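Structure below; questions to follow.
The first chain written gets the first letter, and so on, giving A, B, C and D; residue counts start at 1 in each chain.
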Amino acid sequence: MVEKIKNFFKEKDRFAKLLGFEIVEFSKGYAKVQAVIKDEYLNVADVIHGGFLFSLADYAFALSSNSHNNLSLAINANIMFQKAVSKGRLTAVAKELTKSKKIATYEVKIFGEDTDLIASFYGTVYRKDKKIIVP
Amino acid sequence: MVEKIKNFFKEKDRFAKLLGFEIVEFSKGYAKVQAVIKDEYLNVADVIHGGFLFSLADYAFALSSNSHNNLSLAINANIMFQKAVSKGRLTAVAKELTKSKKIATYEVKIFGEDTDLIASFYGTVYRKDKKIIVP
Amino acid sequence: MVEKIKNFFKEKDRFAKLLGFEIVEFSKGYAKVQAVIKDEYLNVADVIHGGFLFSLADYAFALSSNSHNNLSLAINANIMFQKAVSKGRLTAVAKELTKSKKIATYEVKIFGEDTDLIASFYGTVYRKDKKIIVP
Amino acid sequence: MVEKIKNFFKEKDRFAKLLGFEIVEFSKGYAKVQAVIKDEYLNVADVIHGGFLFSLADYAFALSSNSHNNLSLAINANIMFQKAVSKGRLTAVAKELTKSKKIATYEVKIFGEDTDLIASFYGTVYRKDKKIIVP
């Protein structure tokens, strides 16, 4: 089932496709995704855009929260921008912290190539009664 | 000076260019930006991606916080996703709430075409001693 | 009904009672509460404790989110501390931003005596199917 | 020096004293604090007040961020309320995530007696050039 959800995200998340996000690991409540910084993702200070970092974290968050095959909608997210980087590969790791019937919470950390912490993200979802993959 | 900063953002923010963000109004501590939803910005639920909404809010936030010609770096942001939309024009309005020598805070609201609230965003910047435009 | 909910909060919120929080205005989706700073609410820097400010905002948030007589549980909150104060009366004003069947969002601002902005707060609740006051 | 800072907090943080917060462990960039839930800390739903949980996390955050003997002021905090509890001992553990000259970030987790996660907290401080303990 996890494999089917992964393929569903790969095909259907058009924004993740546009930004070149790749799923590296994926299991229940867990996702690791990567992206390579390109010049077109930079901001006026010549560092990676906060929106790009958020989007990468959000993708890992969406994967991990939807990994149980319950459609989960993001309702809140908080991000701390901890280090500015301008090139290389970024890795976002999402972990489930808690899960109840309707609400679940996640933590995502983004690391740079040297494993420095680039950004930290908390996200909360509302879990709908709808399946993603109908068997 | 505000005009020069605006042009600087238009030219130099490559991620905003990639995503088609347009500056509609801009003055000290204030920015209004717009974007049109395209299919490639949607997520698996066929609604606009949270990362796209964050990026749009973040761009308005960056403009308003840099409007005083002090390079300002985002250190934290929080976003509440309040309504899912899948098409039309989005408008993000950023306002300065407080500004001290080194720290300033902003509020950004994103509205849909029918003026419904789509997302609400709080952001904090650290203000560097560096000018953006050197006269 | 709003009057009954107000009395319920006045009697039952023991933490608000301990900290001297007073309800000044209360209607559907709206609450204004006040508190007077005492020496015992200060931190090591001799200014009002962040925990006290959060608690005051949280009380206004709880009132406004429960004003519809649906038990509402806080799931996330974000606070920006914008000005340090050490005495006088604080006023927290909570407004409902959005409300759906299960999720609602709120914004709370805390002002000092001179109407300066002291803190800004965003809160999200999960709305249970349970009534607070059973008619 | 860490011992002196600990004693300074024990004596000077009057709000922490009022709420019965105790420092269990304290070292550079790290703090563990505890509190016992009393009836007077409960809210209308008969569970521990969100303001009390935030205050406990905030105290651990203040200790860890001030542990380097640089006066550090909280500028932003985000909290996810993950489980409701109504009695027993709470333990908040604060860890430093990043630290630069002027900005530092922290993560605090609150656990209940059964080690369940009760709340998760992110905090950002602005580091002043002022020492807490002048040798």
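To be clear about the criterion, a residue touches a chain if its C-beta (ideal position, glycine included) is under 8 Å from a C-beta of that chain, and two chains touch if they have at least 3 such contacts.
Nothing here was measured: the structure is a model prediction, and the numbers come from that model.
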**Fill in**
Note, CA centroid farthest from subunit A's centroid sits on chain C
**Complete:** Note: of the two pairs A-D and A-C, more contacts are counted for A-D
**Asked** Using the average of all C-alpha atoms in each chain as its centre, how far is it in Å between subunit A and subunit B?
**Response** 21
**Asked** Centre to centre, by mean C-alpha position, how many angstrom separate subunit A and subunit D?
**Response** 28
**Message:** Roughly how far is subunit A from subunit C, centre to centre by C-alpha average, rounded to an integer in Å?
**Reply:** 32
**Prompt:** Residues of subunit A touching 2+ other chains?
**Reply:** 75-76, 78, 80, 124
**Sites on subunit A touched by subunit B in the complex** = 8-9, 12-19, 39-45, 49-52, 54-56, 58-59, 62, 66, 71, 73-81, 84, 132
**Asked** For the complex, which residues does subunit C have touching subunit B?
**Response** 78, 80, 82-83, 97-98, 105, 107, 117, 120, 122, 124
**Request:** Note which residues of subunit B are touching subunit D in the complex, please.
**Result:** 75-76, 78, 102-103, 124, 126
